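These are the structures in question, set out in turn.
Presented sequentially are two complexes of chain A, the first with chain B as partner and the second with chain C.
And now, the complex of A and B:
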């Protein structure tokens, strides 16, 4: 597995979750033929080879109780048949009777990209299998501690700069890995950042992801939830790069520090004006070529907000410290060409300057304490846990974006 | 070696990379299973027919029911199944047809979409046999799936309308799940095209004196690189007056053509990595240029690695240069017609209609799923016997046509518009099947 340039300590590689360790074996990359040729199909010629392989995968898991349901999918708790204490989340994609064009794009994207991405900060897809009636089941890593949004919103949860640094570090490594694999996530926001039982943050929801387009080919600009959408997409850019995700990361960073969304527009237009107020008005001077973007709105000459400098970020985000404020500023640079890439973000001195990031096991968590995952399930619905489950399920539901 | 590590996590490496032996073995296994199932299905059809009409004339099996019990009677002998090699030929033909189908759209589908569809087809037929699922009924769906996975989305309606002939939307989408399952739900295909573009851009930069020295040879200057590039021996079969830019453009084009054809139609993707494939094609296009490029990467201290890599590249180049397009080669087309004729007799009747199987897994089907197919079966009392009789009719038709008429059918199939033929062919079998 590839390692991010700036993993100072890599506890993330050795997970405490048995399910994950086992999954790592399943997805082992060391031996070449994991493929069908290594299987000795049974002499039962009544089932085709593909079906036999599918059966083998399906029989590895036992479906347990339902964790949540959305319009697009149902999420179940699952266990490994051979080790019932290893949990997984089984997401069953609903067959949409309205949609006649086969499997939906959301599902295709999610499966396509998660199959390729194997990294501690990206939700693991252990397996995919079909159940009866041609239902698609995704066996995902079980992430029982909710998401970053829950923590940001809960006033009872207290956290500091070292915790923010730990969370941002995990996010940045996950995003860097996507980009290193030529994949844009295109929907980074706090409630797509789920938390594993050991505190590790995992980037989830790849329903809007896509591979980098080849040069000169267009992509859609209708992606990324509005508050986290960069100005180039709001202006309708059809050719863009990984730094769209970096802008979103910057917004998550700001939100972690402020505990409210930093630029929360009511409409796309409102979002643009709020960005202008906060960071400065995009002009040909600070962003050459911006006026050529399809949805560019010429600013009112009398209300030009100058590009905000370091002082502004320090004032707005005092708890980031001068170095943190500098990193945040480089992530929310208006001109995408001048914005830092995910790799450059990881090379910033903030990560190695004081305070050191909190160890993931010691990060604040909403359910409090270090309960075992098994306890969460045997206990009859404590309120907080119930919410955590609902939340985890909802996050896995791609229609809820 | 971080890029290699990343590649090793890809599904293309984890699931779809093979050694020559493992690939051969997998195909043999698939072929064996499919052959047994075809024979069993045809035997069931024959038995059903015998019990329904013991005195049926014109079927040789009717007189030999005694020797048939052990499955070795003359009735059995006429079911000659395809060999793995014949299956491969047939699939290759439909891969070539996929390129043509993509060409019929306005605008033509991007190369990458067609290439992905071809790799889907090739992967599909590693664990499925054309005797079970005829490539003509899988091909269009593979292309449609590729439009979805490669961000060239068009509606099913639009897609079906673009197919010559009267293929319906349902025809196209019916095998989608079957294909996805056979692809083991991995949709990402890593193509060699992007690597080629990058390599050409690097060479162009070098020719303009803007080259980046390799980290292993930091003493090189952009000027050294530029001089090196301009002093390489001329390409064979090129005029000496050719400018460096023309030479690069020409090598680029030739390589790309190889990647669009030979790299798609051979086992290259199963046996080699994308960068090995484009470099091998580049070697075929302009050897001195390719050698220079390789030197900028792994010259100097890595010469032992270079030797090792060259062996791999040579093997891959040989594979690529051995490719001859089927449709322009009368000799290969003759073989193909023979295979098609043979397939006509060993097509699994129980799998003839994919649409009918939709949402019915094979396990359920074997326990009398005729009722589940939903459509009334022609001439059947109960669902079960109705379907049996349909199968019997099919098998009989095959036998009757065995003499001559199927020959014309097979010829038909490979002339004119492919998909129209597909409908003609499917006509008699487009009823719910049993089994």
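And now, the complex of A and C:
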């Protein structure tokens, strides 16, 4: 586990106890009929031992009501048996549905990375166990205050620049930590940013995450939910870096300020044209090499949108202030080589300039988050909820600025 | 590669001392003495050679990266620290470790393809039903406590290549030495960077006599190491006579300034030497027959 210098936050002391699942499967499917073996008894004790360990983990938690159900997982509210006041979320991955095809990459990725990462801004995986019906259960940190999307969309929730700075700070630290550990998240968006009871923002859903590829090895460009997908992926780049996540962070930043998604294309092509309109047309001049990308579309020479400068961002996002607009601009730079890295984002002067970020305990909040957590944790990576912003109101409260 | 090795589950949960590993295996033996007497198996390293060769065949058919094969070999090792091999169908474990490792190393293969290829290689041991591999995958993950990220020495080798100005022949030989270390218990005993340094020393000290090593370094190294291998490092430190050639001196200088555990590096070298010795008695036929008898007599393939 990559331990962050900050706190570890397990509800139980023995959070890393081995998650023993149904170990006997290979053997149960591979052993001969019960009575035919001279050494069967010892085999049974062996099997019981592994099951016992799994049971121990399972017994640590009591499953409560169902919070949400998606195509590949069901999420339950759970609590520690020894301390009923400490909650967890139990994400049960539907193995049986896809049993024939083995465990899905989403499930594998989620377990793989959350096992290693420990940081205050990344959802914690406390335990893994199997249930009787041979499903994988992930015991996750309980995050009852919903997600950023919920706050952005609710017109009754008023927030200002200091709050945006606090949320963005927590997001940026989580993303930085992933990149520091050579992991790309590849699905950053408001409804994957869940909120803990103390107001801390946690990066969740590692179903699309992967390690940085070795140099010159290709990765898929079919990642990141469209509205948050950077131009290099839309153009089909197969080799990319952590700055794909920085673009998504920029989009979340913009959305927090506007309270609607900033560039919301209906199709991938529409997304490209909306990005061009908003930020400028990518050309060999502002982005050397862009025309070599597989899905690059040569721009219409008569409709070239010049690369937008600081003025545009300031005009478009007045509530960000000049320093905030500068940071946003550096996160939304078309050429990935010129875009800021997560580390550089954290070094920007915006964080230390006025207003100071709101203390996490004082951030605006909203009830009904438990249900939202259930929905968020069961969604498949990369899915867009197209109706999400139909009634979104452009309401911002700048009194706090 | 992902995350930080020093804080990784690999270092915290899957690094054994030699004594601990021996204890784990003794316990397995005590638990089922009958099976151990009834089904004798070759030396662990012989079995590892056999498994590795079988995995390589599977890898060739699916053009899979070496790194996924390495990860699969680690999974097999981890699995058999928790499970008595005599209670399993090793061919099913092999195919499943391969299937899971491919997903883990981001070069996924469809389960049907893996089962199909495995079946064509080991028709007597793999059932056509893909759900067997599905079940076994679940078990494999659980036995590994869902700790699946493996740190390999290859990356360290690539990183040190420039710093130590290694020639491409040296890198190729070191690479093969790393491939070979998966045939021993070393991956469960030492950190990947220690292995990488060991491989580099071996490659630089025993100048590769021929170019192009893919796969094993054994043919090129076995003889050379037997002659002077055991005392190689002591010889390096020997200041008498003209001393080691400058190239080796440079490496020694780098080692001295690094904080790499030299004692561990020496131990790894010795382990490798003894692997190459054991290798000379390796018989594929023998492994195959003993495994077949073990699986068939107990009907573990059903």
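By our rule, the second predicted complex is superposed on the first by the 312 of 401 C-alpha atoms of A that agree within 3 Å, B and C clash if a C-alpha of one lies under 4 Å from a C-alpha of the other, contacts with A are read in each partner's own complex, and residues count from 1 in each chain.
FYI, a contact is a pair of C-beta atoms (placed from the backbone, for glycine too) under 8 Å apart; a residue touches a chain by one contact, two chains touch by 3 or more.
The structure presented is a predicted model; accordingly, all values stated were derived computationally and were not measured.
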When the two structures are overlaid on chain A, which partner does A:266 contact: first (chain B), second (chain C), both, or neither? neither
Scan A:128 for contacts with chain B and chain C and give back first, second, both or neither. both
With the two complexes superposed on chain A, say which partner A:136 touches: chain B (first), chain C (second), both, or neither. both
So, A:116: does it touch chain B (first), chain C (second), both, or neither? both
Look at A:54 in the shared chain and tell me whether it touches chain B only, chain C only, both, or neither; answer first, second, both or neither. both
According to the stated criteria, A:213 is in contact with first (chain B), second (chain C), both, or neither; which is it? both
For A:181, decide between first (touching chain B), second (touching chain C), both and neither. both
Quick one: is A:156 in contact with chain B, with chain C, with both, or with neither? Answer first, second, both or neither. neither
So, does A:105 touch the first partner chain B, the second partner chain C, both, or neither? both
Counting contacts the way the document defines them, which residues of chain A are shared by the two interfaces, the one with chain B and the one with chain C? 1-3, 27, 29, 32, 36-38, 45-46, 50, 54, 100-103, 105, 108, 111-113, 115-118, 128, 130, 134, 136, 181, 210-211, 213-214, 219
Residue positions on chain B within touch of chain A in the complex are 2, 5-6, 8-11, 13-19, 22-23, 25-26, 29-30, 33-34, 36-37, 40, 126-128, 132, 144-145, 148-149, 151, 153, 155-156, 169, 173, 176-177, 180-182, 184-188, 194, 197, 358-359, 361-364, 366
Could you list, by residue number, the parts of chain C that touch chain A in their complex? 1-4, 7-9, 12-13, 31-32, 34-35, 38, 82-84, 87-89, 92-93, 96, 99-100, 103-104, 106, 108, 110-111, 130-143, 145-149, 155, 298-302
Okay, in this complex, where on chain A does chain C touch? 1-3, 16, 18-27, 29-32, 36-39, 42-43, 45-46, 50, 54, 95, 99-103, 105, 108, 111-113, 115-118, 128, 130, 134, 136, 181-183, 210-214, 219
In the complex of these two chains, what residues of chain A are touching chain B? 1-3, 27, 29, 32-38, 41, 45-51, 53-54, 100-103, 105, 108, 111-113, 115-118, 128-130, 132-134, 136, 180-181, 210-211, 213-214, 219
